[in-house]
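Two complexes come next, and they have one chain in common, subunit A, joined by subunit B in the first and subunit C in the second.
And then the complex of A and B:
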């Protein structure tokens, strides 16, 4: 089985709305899954382009699932859901 | 920014983005008035407070701070639309940078020592027996502290074998190193502007996000819109707080509308060499030590609370001072804007006629979002002036001391740096002692940074310390050392 891909958007909007903080904490907190998941930065994934959608940044992808207003709780839950499968 | 501040900062930034979008729209006043309604429409979820009306009330206050007004002076009968109009007419920004959203202030319980229900009702009662003030009695099978008698010494906390006694704090009061923020008679936080050094520690500390900076974002955008020649002077810490390479920053800022961009690291080179010279002269005339002079929070501290250390503070000006001087010389009619990692620089900017405005990193970030500027697609362009490695690393704790060492021309061993990594009650006490005794036991060149970690952890920064540290050091490594330049001249 390949690693679960976690992409953290580091486009301007996501970065300013806390994407960097999420990335740094997530990397620390998911060390126990280090061999099962891969955390990478992504360029703007285009989720913030609609009129008010910037307010739901930062966006994080866990495989093909888009997580808006991403916080650690949501992202870790999504990762664990994938790992259970 | 730490994770605990993420939610409050996100909220504040969202308000700023909406405000800037309103400014850029065809009807600034009307769209500003709608911000609280857009963020909390009818029947929407109420995430934080009791009802949608209170949420909107608080968002209105946050918008006022974004418009640059003092929330304490808010006349609630005046609409946000009228305030937006007024912000356009303002000639000079408000001199005091911080303001408290009273409706967001939780009016936290005053700091106290409290026996929790983990009290085991023990036989020995060490808490009662250690209290020198007779403040503890035994009521209904549990120890109880009488707040009238309690002196908050904490002896009972140490004595309790169960660790059942706690001391609560008021986060803003606890974070303030100079006792400038305190609850008023009604329990709400108030800032004493005569004591405040504008460091912004309370802004980061308040879990309700009740302390705001009065923004100058409208003042700056207005001047850009009017077609004035507006110059950005970027703090060295900015390199660490944007999702792009240092070389992409210029193009992004041009897209915002800035005509020219200067790295404040350019002035840091001058500060370093001036400070090294100043230090040498002082040592030769027998001075026991010297402190650095580039942190605005520290300079405010010296002015308001620690005048006795003034004779020991270097006479070198700040990097911003020299950079602004150069920018104004090259563009005499331009409007200069300092892009700052912190709030404290507001006071310095106010006293310097060469700097017209200040935008902090969060405000710049909000502008970039509102304008849809994608940083990592911007063009790379090197700065005309190549700043030194040490100047680029001014924003890291220990960086200023290192730069003075690199520019130092005397005996190498003569410089003994001491780094004050963050101002708090303890480090202020130390500094006061050095001034009083006229000696510093641990060295002779004291670098003072108000924020632990240096300017890269300023209270208006965006990214994490770790990433910022890496980016700033990487950029520093690419620069030529002052030590090599010194040999060439």
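And then the complex of A and C:
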């Protein structure tokens, strides 16, 4: 099984809404899965600009799942769900 | 030719104001550069007021197309005499040059400037005029044609007299001291910018002063005639999406340094030009989004937060930061002619009132950067809204 891909949007809106904090904390808190997941930054993924998604930044992708209003809890839960599969 | 100009100064030790005053202006059509360095009598606030008045009046006269010799004569004939020292209240050097290389210089009381071609001094010829009102005041008028690579270096007497009375320099650093040092330095650093060369000269002068304390106000102005270094910054997607490709192609064909400020803009360029955007692990990214890397592009940053911070750094003279905004500032200052392609497409999400910080409007920030680059860093800036 390949690594679970986690992409954290670092576009302006996501960045100011906490995307940067999620990235640094996630990297620290998921040390135990270090060989099973890959965390990367992404340029603006464009989600913030879709009218029905306003105010839902920051966005994080765990594989193809889009997590809006992302926080650490949601992202870790999504990662663990993937790892349990 | 582009005329790169800057001045570096050190205050006389113990003073809280500069007694020398430097002012420079680039004409709106970018073809003409004017500069005046005035040295006010004495030091501190009094000298600052005298030199500031002299320099600003003189540059305004020249700017209004009064011939440089006449403008200088008006000032020379009208400067008051100090009741104690019986000499004029300020000395000055004024330079009027065009980007075809034509140069006019007038000097009254300041040390003679240096005209350098590579690491060699060019001979200077001048006409001298004596003030009809004050026979001890003499105006020197120089006229010559500079070539690409030439430099004009003008200093206040704080440079030529640096170290005066010391064992090593009993008569001071003198013009020949600076000239010898410059010849050696320019042989090695032939492409040095005016900013760095002027800083180097004043550091050199300061180094020969006793205890490195400036005995007088020390100023050095440098003009460097060179082929312009061009840069293009693409920030924000175009208003009309149908034109994305056209603008991306014109970006890719630009000959000069290129930067992209904006994630959406970078994505658009990557899509249209079929390029990859790679994340860069940046140790010193501070509290700004990190930079990215794209083939053929010198710098890729986030947009508005980075631009806003870069404007702050330029305004506060903070030029040594290593974060994305610091890298952008370096990119801008290493260029002479800077073009901004500013996309008018707005990201509505940036104006969401629930965002924890206020995000500036792109146009406002770019205009602020333009004003700073032109007025403070003497760059030539063009903004194209797309």
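In this section, the second predicted complex is superposed on the first by the 82 of 85 C-alpha atoms of A that agree within 3 Å, B and C clash if a C-alpha of one lies under 4 Å from a C-alpha of the other, contacts with A are read in each partner's own complex, and residues count from 1 in each chain.
Simple rule for what comes next: a contact is a pair of C-beta atoms (placed from the backbone, for glycine too) under 8 Å apart; a residue touches a chain by one contact, two chains touch by 3 or more.
All figures in this text were calculated on a predicted structure; none of them were measured in a lab.
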Subunit B and subunit C placed together on subunit A: clash or fit? clash
| said: Let me test your reading of the model: by the given contact rule, A:40 touches which partner, first (subunit B), second (subunit C), both or neither? | reply: second
Quick check on the superposed pair: does A:13 touch subunit B, subunit C, both, or neither? Answer first, second, both or neither. both
Partner chain(s) touched by A:21 [first = subunit B, second = subunit C, both, neither]: first
Margin query: Output check: A:71 vs subunit B and subunit C. Expected answer is one of first, second, both, neither. What do you get?
Written below: first
Subunit B stretch colliding with subunit C in the overlay (listed: 254-262, 308-316 or 452-460) is 254-262
Subunit A residues where the subunit B and subunit C footprints coincide 10-13, 15-17, 20, 43-44, 48-49, 54-55
Residue positions on subunit C within touch of subunit A in the complex are 262-264, 266-267, 277, 279, 287, 289-290, 292, 302-305, 347-350, 352, 354-357, 359
Subunit B contacts subunit A in the complex at 1-3, 6, 9-10, 13-14, 17, 38-39, 242-243, 362, 365-366, 368-369, 372-377, 462-464, 466-467
The answer for subunit A against subunit B in the complex is residues 10-13, 15-22, 24-25, 43-44, 48-49, 52, 54-55, 71-72
Within the complex, subunit C is touched by subunit A residues 10-13, 15-17, 20, 40-41, 43-44, 46, 48-49, 51, 54-55, 57
